[in-house]
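Below, subunit A partners subunit B and then partners subunit C, in two separate complexes.
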Partner chain A sequence: MINKFLKGLTTAVALGAFAFAAVPAQADVLDDIKERGVLRVGVKADYKPYGFRDTSGAIIGIEPDLAQDVADKLGVAVEFIPVVSSNRMQFLEQGKVDLMIATMTDKPDRRKVVSIVDPNYYSSGTNILAAKSFGFTAWEDLRGKPVCGIQGAFYNKKTGRDFGANIVAFKGTAEAYAALQAGNCVGFVYDDSSIIASLAQPQWSDYEMPLPTIDDAPWGLAVKLGEEGFNTLMSEMIVEWHKSGRILELETKWGVENTPFATAMNAKYQ
Partner chain B sequence: MNKTNPKIMPVMMAPRARATDPIRLKAWHGAALAAFVVLVSIPAFAQADGARDSVFTALARWMPLLLKGFIFNVVISISAMAIGTLAGAALGLGQISLSSWVRKTSWFVTQFFRNAPWLVLLFFAMFLLPFELRIGGIIIPLPDYLKAIIGLSLPVMANVSEIVRGAVVSLPSGQWEAAESLAFTRTQVLWRIILPQCVKRMLPPWMNLYSILTMATVLASIVGVSEVMTLTGQVLAAEGGRTDLLLPIYSTVLLMFFIYCYPIARLTLRLEKKFAVKT
Partner chain C sequence: MEAIYEWFRLLYDNTGINLPFIYDSYDRGRMISGFFMTVKLSVLCLVLSVIIGMAGAWLQNSPLKWTRRIVNGYIQLFRNTPPLVQLYFFYFAIGTMLPKVTNDWGGQEPILGGFAWAVISLSFFAGAYNVEIFRSGLEAVPDSTVEAAEALGFSRFHIYKDITLPLAIRVALPALNNNLVNLVKTTTLAYAIAVPEMLYEANQIWSDNVNVTEMMVFMLLVYFVLVGVLVWGMNRWERALKIPGFGA
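Showing the complex of A and B:
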């Protein structure tokens, strides 16, 4: 009887202590990750070659490779959680992911929501893919014409507002490319590095990237607001990636031409 | 004069024989559908060159992943149906309760969820539920697919509630009167006499509802669950915007749902005929 009572008491105390201990542990996500043994990273799963699926369903690409580097450094396993532009910051805020490397453009308003790590790890600009026969030379040539885009991309607004194009936004790149080929729009506004990759394919031989690249904007990977320890660690990692030429190496590995940004950062940190 | 023949009056036309069975799909219809999928792939097949492989190879490569995604849809549909049926049965019985308070509440809940768009309910479940529940020191994670199941089970619940109420009401009142005259209590009447007779009446609409629910599971792709539609988009992205794959892959997904749902529809029709109330 007494034994049973004591046992119950011990359990209650242990549970209470556990509940108590769980609260301060939230303060530093690094301890949580090590205790859990898994680093949860939010990555894109529909953005070749930065994050996409292989035939087994696993998520691969430049950003998953970078995430793997972080997990190796921490000595834990990695778990990729597919995110899309509309939910990636929420996932980080809720603690569903510990780290987000998801092709996110570094914007001041986003810095208020999540903790974007300096320096930036990547950069891309905006351009269009259009048939050579149109002979576009300036962004103003798009005025009043239908231009395909991707839902949720920040440059849609600019292309529509500043240059007067009529944006037709699609869910995925495949749909946008199909619409472009079918002639539903005169061009497809997208990241320049992805357009360069597409132009290398024979099916796009009659197309070109005719305009000057605009909005060359850096990409930011992010941790939850207030996670100073993790932010510092990631900052060191990014410097290390630039210094060792890891980003350039990954670009080559995944078939992207070395971007001016990655080359410049590599030179800067030498 | 106009040319209408005054001898033929627009009344009393001989009744035309009505086909006993409406158009019924046979095996060859499925073959035709498959052939359509193959046909739309042919232009792509013709232009396949060394640089990239044919549509068939690409489809075969992604088939296991797409099937895995589809199985996930089936799991979501079965779970949502199970939860929805249990909750809906309780709600349906609430609608025929003797207590007016219970009856009115059940009626209101049923009508509310029955007349709300499924997608809106799904969004509600997604954004109202936390991603993990914290009870004391124990953390119960609520992954997205679980939230989707809960979100989809709400309209199922309301529809099942109506199916139960409708079935009970549809029984001739003589059943109630006869049972009461034999001094059965209300609970006994309900469980031993009324509900057993209702089951076969409820089965066809219930299966219909399941079919509809299965097709509605693709809505979960909008809220980010990795089911077959989400994977389809990701597969297309992984193929690097190959436009020739768009139609074959979406057709494949369509075919999967058809192959799964059509037998259910056939079986429902057969049960409906078997249990048809002869008047």
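Showing the complex of A and C:
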């Protein structure tokens, strides 16, 4: 009995070692995707208009459209996996998604964890959504007041530490918007691009985006660390998107005014 | 102190083990306040849930039919729904229906914030279990003891307070211990309604620093120690209350 167990254990260890040795030799996710016939893309599902759910529950938006372009190029089907800010890099690391296009700001420490593709495909800054009645004009006006946010967003630290706001962070945007409307916080610190889209909706007519936008920073889409082939392919795709005006076209399609970043990148690659 | 902080910064540079809640003063402040928030939340909920348990067990034996029914309804409602759903329900559903108060900056805010709702919700959640735990203890007290007390002219409340409850606590302590340990662990759910307890702060720190592994290990150890302290205290209490010859 014990012998049998030991024998099994030895085989398992040997197999494990073999698997370990074998992985780096064929670690090209592109082959896996083509073999599987499905490209799994991590996108936001609560970030209108970049990635959100329509009335049927399907994920749509600018980033899902970009992901569809990638799938079309590879000649495979696309599967959208909803991610949030606090788990998106882990999903990529663990191989739950092949590609992540999830409104992620490009930061040096993130480049150590995932492979962010150059050039950047988009850009946005930070602002707040607040009731007009408060009449905020400067970030310092938030000192000592509760400000809603999203758990895991990088600007929470800055808003809290540099401007003295008490960050009240929730898991998703739906909870943050609900808390803002209920009066649990005076404003909602978030990406300006998304706030602009919210302000277009009638239920936010008494609200404004009153502060100067800070931290205008580029967004990076990412593949798993070490996937050089996929990274190169995505890099070419991004250049193509900028060159052909695809990003500008998608902004118009989803009701966002053309951003200075997208316009500049379009001009640069002409 | 500065030398210790510097050592952890060097540890990050040299080994990649990133513990910013030690060397970064802002993150350290967040972690410490998160720790004390967890302790505060746990202690308040522990005390309130035990009070709810004792009161509930008393009311459960009330001669009034409707009192018994209400207590049993409360137990069913709070024991049969997930605590996370309860937190969301209180914070987002009940919270917005209550009257609002004007705050210092001229806004209208709900009368109860995230922390208050977390205390209320978690106390009632654990309290529902505690009622049943105390009931199990009460039922272990021999009828003859109660009858003897009645024969001596004790009132129903007096019997409960001085005779049945003290005996019941001794029987119920191991089960109560279990439930209170669970309660401390359940306080982590309060992060869903933005109560800045330890897991909430850790989540923000690992998002800012991309050091998920280190934070997960740290969280596990801190909760292990925190709950260990509670268990140690409860075990001491159990020993102190021990009556030779009773229940053994």
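FYI, the second predicted complex is superposed on the first by the 244 of 270 C-alpha atoms of A that agree within 3 Å, B and C clash if a C-alpha of one lies under 4 Å from a C-alpha of the other, contacts with A are read in each partner's own complex, and residues count from 1 in each chain.
Just so we're on the same page, a residue touches a chain if its C-beta (ideal position, glycine included) is under 8 Å from a C-beta of that chain, and two chains touch if they have at least 3 such contacts.
Keep in mind the model is a prediction, meaning the values are calculated, not measured.
Visitor: One more residue to check, A:A178. First (subunit B), second (subunit C), both or neither?
Guide: Both partners, subunit B and subunit C.
Visitor: Of the two partner chains, subunit B (first) and subunit C (second), which one does A:G152 touch, if any: first, second, both, or neither?
Guide: second
Visitor: If you stack the two complexes on chain A, which partner ends up touching A:R161: first (subunit B), second (subunit C), both, or neither?
Guide: second
Visitor: May I ask you to decide whether A:K48 touches subunit B, subunit C, both, or neither, giving the answer as first, second, both or neither?
Guide: Only subunit B; A:K48 stays clear of subunit C.
Visitor: After superposition on the shared chain, which partner residues are touched by A:G57: those of subunit B (first), subunit C (second), both, or neither?
Guide: A:G57: touches subunit B, not subunit C.
Visitor: Using the superposition on chain A described above, determine whether A:A197 touches subunit B (first), subunit C (second), both, or neither.
Guide: Touch partner of A:A197: subunit B, not subunit C.
Visitor: With the touch criterion stated at the top, can you tell me which subunit A residues are shared between the subunit B interface and the subunit C interface?
Guide: Touching subunit B in the first complex and subunit C in the second, residues 171, 175, 178 of subunit A appear in both lists.
Visitor: Taking the touch rule as given, give the residues of subunit A at its contact with subunit C in the complex, in rising order.
Guide: Its residues touching subunit C are 85-86, 89-90, 109-110, 112-113, 131, 133-134, 145, 148, 151-154, 156-157, 161, 167-171, 175, 178-179, 182-184, 186.
Visitor: For the complex, give me every residue of subunit A touching subunit B.
Guide: Against subunit B, subunit A makes touches at 15-16, 18-19, 22, 45-48, 52-57, 82-84, 87, 94-96, 171-178, 181, 197-198, 201-203.
Visitor: Can you list the residues on subunit B that touch subunit A in the complex?
Guide: Interface residues on subunit B, with respect to subunit A: 49, 51-52, 61-62, 64-65, 68, 130-131, 136-137, 139, 224, 226, 230-231, 233-243, 245-246.
Visitor: Taking the complex as given, what residues does subunit C use to touch subunit A?
Guide: Within the complex, subunit C touches subunit A at residues 26, 92, 95-96, 100, 105-110, 113-114, 191-194, 200, 203-204, 206-210, 212.
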